[in-house]
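Take a look at the structures listed below.
In what comes next, chain A is part of two complexes: it sits with chain B in the first one and with chain C in the second one.
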Partner chain A sequence: MKIKATTFNRVLLGVVLAIALVIPLLIRTNQYNLVLVTTVLLYGVLATAWNIIGGMAGQLDLAAFAYLGLGAFTSGTLLIRWNVSPWIGMILGGLVATGFAVLVGFPLFRFKVREVWYALTSSALVEVLKVAFVMWEDVGGPVERYLPYYSFSLYHMRFGTYIPYYYIMLAILVIALLVNYRIGRSKLGFYLRALGEDEDAAEILGVDARACKLKALMIYAFIVGATGAVYACMYGFIHPSFFSGARSTEVAILGIVGGMGITYGPLLAAVILVSAREFLRASLGGQMESLYLVIYSVVLILIALFRPQGIAVFFQDAYRKLLSRVTGDEHVLKANTPGI
Partner chain B sequence: MDTVVQSLLNGALMGCVYALITLGLSLIFGVMNVVNFAHGDFVMLSMYFAFFIGSMWGVDAVFTPAITFPLLFIVGVVAYYAIIDGTLRQKYVTQIAVTVGLMTFLRAITQLMWKAQPRALPYSLIQGSIHIAGYNIMLSRLISAVVSILAIGGVSLFLSKTWPGRAIRAASDDLDAASLVGVNYRWTYALAFGLGSALTAIAGGLLMTFQQVDPTMGVRFGLLSWCVLALAGLGSIPGLLISGIIVGAAESLSMALWDPRARSLIVYLIFILVLWVRPRGLFGRK
Partner chain C sequence: MSEILRVEGLHAGYGKVPVLRDVSFHVNEGEVVAILGPNGAGKTTLLKTISGLIHPTAGKILFDGQEIGGWPPHRVTKAGIAHVPEGGRLFPNMSVRENLLMGAYGNRESLRTGVLEEVYEMFPVLRERHRQMARTLSGGEKQMLAIGRGLASRPRFLMLDEPSLGLAPKLVDGIYERLQALRGHGLTVLLVEQNIHYALELADRCYVLENGRIVLEGTGEELARSEHIKKHYLGL
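Moving on to the complex of A and B:
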């Protein structure tokens, strides 16, 4: 029996989504595992959003947790002070992060701060925000600020279990993937990829580098900022340590080793590497405290050295073989198009 | 007023050490255009080596570079051949991914060996302070600054007078032309990376005379040295020294006059502003 490629893709997506929907129900009794899978999704969202500015536009942004922290502080402060629902705080948090992105991105792109300097500037921004929020005692300060506790309140986005957070995160992930997919096939996406390949050449061909990069940065910042609201609710407090340079760098690394510009690449990297890291951490914990990081970093180096195109490539090959087996079409094996 | 001058003095002395650290980074970045995110962690590593040697054999921290300098040189050369060499022809993001991996690796391995708590050596020969015109100058910082300046001068001589040094400069100016006149670029790159890392050994030994070390320290020195490099631009060694002093003084001033927590804030703000306003730095050639 021969199946069409589109049907095959739909079935594949459906299976993946079904697995993602069922996972929390299988492990619902173990809150620790629930936190883990939600964390994997969180990194999936961040790396997928990063794919727009980093993977496509080639701007190595190392400030994911700056935008996340801004979103978390916006919605958290609104909830604590004025009892504003985090669902509204999510939008506002996203807007604040976007505003900050414009504030920073406009001069950066205007003055052609590029490549390594862009990366370092964004990395410095995270630290600047962290110190600024520690010193800004009205909103941040060195002590955690706790969100009001409810055992189950949809309005306050506060739940006694992590299952709802998992589904919220999953919804955001699906939105982020859709946005990524749409942009990848729009004019903006082609412009961004041209910029990522060679910025000067793209500009000569008439791509407005500044505007395109700023748009990409804004979309990325909004998604990450909105995620920040969920992040704050999930952990139940806000604290300047949310602005973490190391974790921001990790998001970018996931985007790179996943496969730059491939829609599902960063998610794949997040699922594999973050769960592997957490598994290592849990199983090696105790006397060998940091061994998991040693192994993790060696794996990162090996992937970057030997698979610079990203681990998505492995899956593309497997996907094509499966597709050709199912559809009986030999051409997909040689096709040079990005997968799904 | 007194506090201003006092903190300017302290900061300027510290800035000389920053300049020494940045010299290593500028060798690596300027010569082979490799973005080394792990440079700050090499500083952290050499501080741990200094601590280890100092506490095991009772050697004073000032003298540890005699052992850690060749050690770090070897670490740098090994790191070059093991991971950097393979990424030279790749996009810069791959290089960054690799050096971030190296950074995580160094941090994890030091955590594994020395645990996360801060470590310090008990005392140093160069303790105490001297008083000049009513100002207090810590002897350890003064000697650190002098040694840093001497080391910078030494590297400067090495780069201009010796054959390997000239090979490094030639490779940095024009790799193809340098290869034509017989410069082996891989050896030169390995040498530059090794030397760049080894310079952090001197800085690490000096810093251990008045500081403690913990595994997360690398981030601070990493960004700090990139900031000094951005301010100085590539290609000018005296410019590096001046920029280091500016950054050190700014850091120290903001600590004295504003808030001790604001020290990194000022450094990063300088960094961002310099990139916006003058991307090639104050003294840069490229």
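Moving on to the complex of A and C:
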């Protein structure tokens, strides 16, 4: 039987989504596993958002957890002090992160801070914020601030189990993927890709590099900031250690390893690498501390050596083979046909 | 003939290193003007300064009577100047068609009026390869795509930086044939070239740039007869 490519794509997406929807129900008794899958989704969201500034616009941003932390502190403080619902906190957290992105991005892009210098500046940002929030005792300070506990309150986004957080994170992930997909097909996405490839060449063809990069940074910061609100609720506290340079770098690694500029690449990387890492940590951590990091790093090095375009390329090939089999169309096997 | 570009007493450079010193010249509408000179004379810097990638430290750049010195590159492009940079500077992981579209986005009108067809007519090989990634093209094809991408915004004024760079003589002939055809369409061109034979033949007027200063100017024929050119550039 021959099936159309669009039908095939829809079925494939449907199956993936269905699996994502039932996973927590299958493992609902094990809170550890629930945290694990939610963490995978969290990194999926962050890496997918990173794809806009990093993968498309080619800016090696290492500040994901700066924006995440700002979102978490905004929403968390609003909830603790004024009992504002984190659902509103999500939007406000996103806006605060976006505002901060403008504050940082405007001068950086104005004075053409690029490549490694952009990476270094953004990475310093996380540390600066961490110190600032440790010093700022009204909001942060060295001690954790706990969010009020409720065994199940939708208004407070506080639940005694991780299952709701999983679904919230999944919803954000779907939105992040859609935003990515739409940008990839828009004029902005086209400009960003050109900027990522050759900034000078794009500029002399009429691309306003400053404005485009700033837009990309703002969209990225908003998604990450909003996610920060959920992050705070899920962990039940806010603390300056949220501003983590190491985790920010990990987001960029996932984005790069997944495949720069490919919509679903960073998500694939997050699913595979974060679960592999956590699995290794759980199974090896008992015998030999940190051995999992060694294995994890070796995997990263191997990918960098053999698939520098990202692991999404593997899946693209497999997907094409499968598609040509079900549709009976040999044409899709050609390397130049656009993928999903 | 009306003047389209006038550069007056232009100084520019990279950081504190001056490259251009008091450069003045002009280009009339419909003319092909070549800037000649040895390596390191400042030819590329001159084009970069006009297109806004480098800010002038002193002097004026007037396009159509309007001062454009210090404008950001995207504004300069919108004003009607296209710059085909040295080595083409294509987007390697974008298709030939996407590269041309990037050029066309500089001027919205041009797409609606079928500029891609015109470029394909001028360089038929690009039509054949329109789905191919730019990085898979040959050297000559890359240069054609770079020129096509520059033309896709339907510029009033085209700046070409070393279109013969790294190409076999036969391919250079091909490129210059197309440029000759473009000149037939009345496009104003500012050409930077080391390959002096081709430039002298194509250009209406030439300027010779050495050490950041203009040392000679004249028509192609005049310069071909000049002792300085014969001795230093043609090796006669």
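The rule we apply is simple: the second predicted complex is superposed on the first by the 336 of 340 C-alpha atoms of A that agree within 3 Å, B and C clash if a C-alpha of one lies under 4 Å from a C-alpha of the other, contacts with A are read in each partner's own complex, and residues count from 1 in each chain.
Rule of thumb we're sticking to: a residue touches a chain if its C-beta (ideal position, glycine included) is under 8 Å from a C-beta of that chain, and two chains touch if they have at least 3 such contacts.
Please read all numbers here as calculations on a predicted model, not as lab measurements.
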Q. Between chain B (first) and chain C (second), which does A:229 come into contact with in this model arrangement: first, second, both, or neither?
A. neither
(Q) Contact-wise, after the overlay, does A:217 reach chain B, chain C, both or neither (first, second, both, neither)? (A) neither
Q: Determine, for the superposed model, which of the two partners chain B and chain C contacts more residues of chain A.
A: B
Q.
For A:312 in the superposed arrangement: first (chain B), second (chain C), both or neither?
A. neither
(Q) Under the stated touch criterion, which partner chain does A:120 make contact with: chain B (first), chain C (second), both, or neither? (A) first
Q: Would you check which partner chain A:204 touches, where first means chain B only, second means chain C only, and both and neither mean what they say?
A: second
Q) Does chain B (first) or chain C (second) touch A:193, or do both, or does neither? A) second
Q) Can you list the chain A residues touching chain B in their complex? A) 54, 58, 60, 107-108, 111-113, 115-117, 119-121, 123-125, 127-128, 131-132, 134-135, 245-246, 249, 252-253, 256-257, 260, 288-291, 293-294, 296-298, 300-301, 304-305, 308
Q) Contact residues on chain A for chain C in the complex? A) 187, 190-191, 193-194, 197-198, 200-210, 336
Q: Within their complex, state which residues of chain C touch chain A.
A: 51-53, 72-74, 76-78, 82-83, 85, 89-95, 98, 101-103, 105-107, 131-133, 149, 153
Q. Where on chain B does chain A make contact in their complex?
A. 35, 37, 83, 86-87, 90-94, 96-98, 100-105, 107-109, 111-112, 115-116, 219, 223, 226-227, 230, 259, 261-262, 264-265, 268-269, 271-272, 275-277, 279
